[in-house]
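Labels run A, B and C following the written order; every chain starts at residue 1.
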């Protein structure tokens, strides 16, 4: 490098030292690849730093600066990403094609500028780079504003509901099981007797004697009276009730059998 | 704008502070204790002053769907209970369901009451976990109405009026008829 | 109570409906589209009627710390940006800023969607680390919407509604204009 006191020449102005903003202290070199997002970013930097137009790249200068930068990095044994070296090759190729004499056969159309593809890529990349900055400037949820979410006061954990259909299905399941386990049968019961048995037990829960006739509600009709009576007999049969009558035709009292209390 | 410019500046500050507090409370995922709210005010405020502002915000929300409440851990907004029915329409979560074991146990108690745990086990052919009976008791659907006079004096279970209410029935007779079900079951098996 | 009893019942219903809508919008974890709000009303409402109510709620919150906004996926309350300076006092940890690599990848997906990882690498001129795509996917801003019918069947990435919501945009058309950006940049360089 020492034999080249003039590092670069921008628009004819010789540059004697690396631009301040291009110089990166050796101990910060590891940051270099983070600073630039890749060779396109580095090229854009070099072009824009010197107020050059992407559409009219002075290839010689650009290539020289780019290669110099790569060299600088390599001096510090930084492993350069393949993309940077590939770009160096592309630049040299474009530069050499520009140096070659134009082919003699001149078609009507202008021969394509070897820089065109590079310029297109640089433009496209620059557009996305700007777009990224703009996106970052938009107000962003969590950073520049918050969404509102007031707590919903939950009732105590929601309890399962059941329907008659659920009960019916459960029972059908049992029936089916009963069919498989034939060693016992599911008896069909007169439901009202069962209900009345529970009802009587509930009435007697105090453990005291209760007058027999108070357990019957004359208003409820003959059928209900019979059912209540059958229920009481069932309970007596299961030794759940104690029925007492101190004298013939005297009042009958009923209570839970003492052992059942 | 011109309106607020005419307010005495003290009132303006108070109104501004209320807006800031309200916004912070609406945004915060957790209840805010007074101590955490203080940095929101540019000038130091006493607890008393802060509480007056919060009471003021509470009043502003009096007839709305959410309310500002003070909890042990601080102040926060929450929905009023009567809003639940509408909010449920937004997120129709499937209600939890009882297991088959629970439903079968309930069916046996409903149709065979009063029954002991042993009765239930005999019909189901498997042991009945205590948890199942506890679940149904806690729900208020079954209760112990006595014990059977047999060795061990097992408890007798019966269904409650609450079960009938919850199933919208007046009496147990309105339960699906067993004979009808048996017919259906026979049809189903037969086909 | 006595006041509201004197209101025409139509006005009452409207006020009630506004409260229900406001509560739903304040409590929802996501933006609510009109279609989801309709079940909140006991009587069927047209989009137009619903939008009038929402505009009404918007007006109610005009000079407050939060506002009702229409986003890509529906309506939602959010804090006004000038409140952020206070809210930051409550929770000093700011979300990390995204790296340039992440932002450029996001921009390419947003403006060129649907794109493959290869497309992104082509434009950026460097390999795209998996971590970058994972970061954007985890934030819910991009998603795979299919594969391209070329060898290797690479995945096609596109941006999500959540990205628009989080940037307070209703459609992709509301993204900053590319041509406008280039003009601005050229002006900047030229000056």
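What we mean here is this: contacts are C-beta pairs under 8 Å (C-beta built on N, C-alpha and C of every residue); 3 or more make two chains touch, one makes a residue touch a chain.
Everything quoted here is computed from the prediction, not taken from an experiment.
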{"item": "Remotest chain, chain C as reference, centres from CA atoms", "value": "B"}
{"item": "Middle chain, criterion being Cα centroid separation", "value": "A"}
{"item": "Between A-C and A-B, the pair joined by more C-beta contacts", "value": "A-B"}
{"item": "Centre distance in Å when chain B and chain C are each reduced to the mean of their C-alpha atoms", "value": "33"}
{"item": "Averaged-CA centre spacing for the pair chain B and chain A, given as whole angstrom", "value": "27"}
{"item": "Averaged-CA centre spacing for the pair chain C and chain A, given as whole angstrom", "value": "16"}
{"item": "Where chain B touches two or more other chains, by residue", "value": "26-27, 66, 77, 79-80, 87"}
{"item": "Touching two or more other chains - residues of chain A", "value": "146, 148-152"}
{"item": "Residue numbers on chain C that touch chain B, as the complex places them", "value": "19-20, 22-24, 26-28, 32, 36, 39-40, 63-66, 77, 79-80, 83, 86-87, 89-90"}
{"item": "Complex interface listing, chain A residues touching chain C", "value": "37-41, 48, 51, 81, 83, 87, 121, 124-136, 138-152"}
{"item": "Chain A partner contacts - residues on chain C that touch it in the complex", "value": "26-29, 66, 76-81, 83-84, 87, 94-95, 97-98, 100-101, 103-104, 106-108, 110-111, 123-127, 165-169, 175-176, 178, 181-182, 185, 189"}
{"item": "Residues of chain A defined as touching chain B within the complex", "value": "146, 148-153, 155, 158-164, 166-179, 181, 184, 186, 188-189, 191-192, 194-195, 197-198, 201-202, 204-205, 238-240, 256-257, 259-261"}
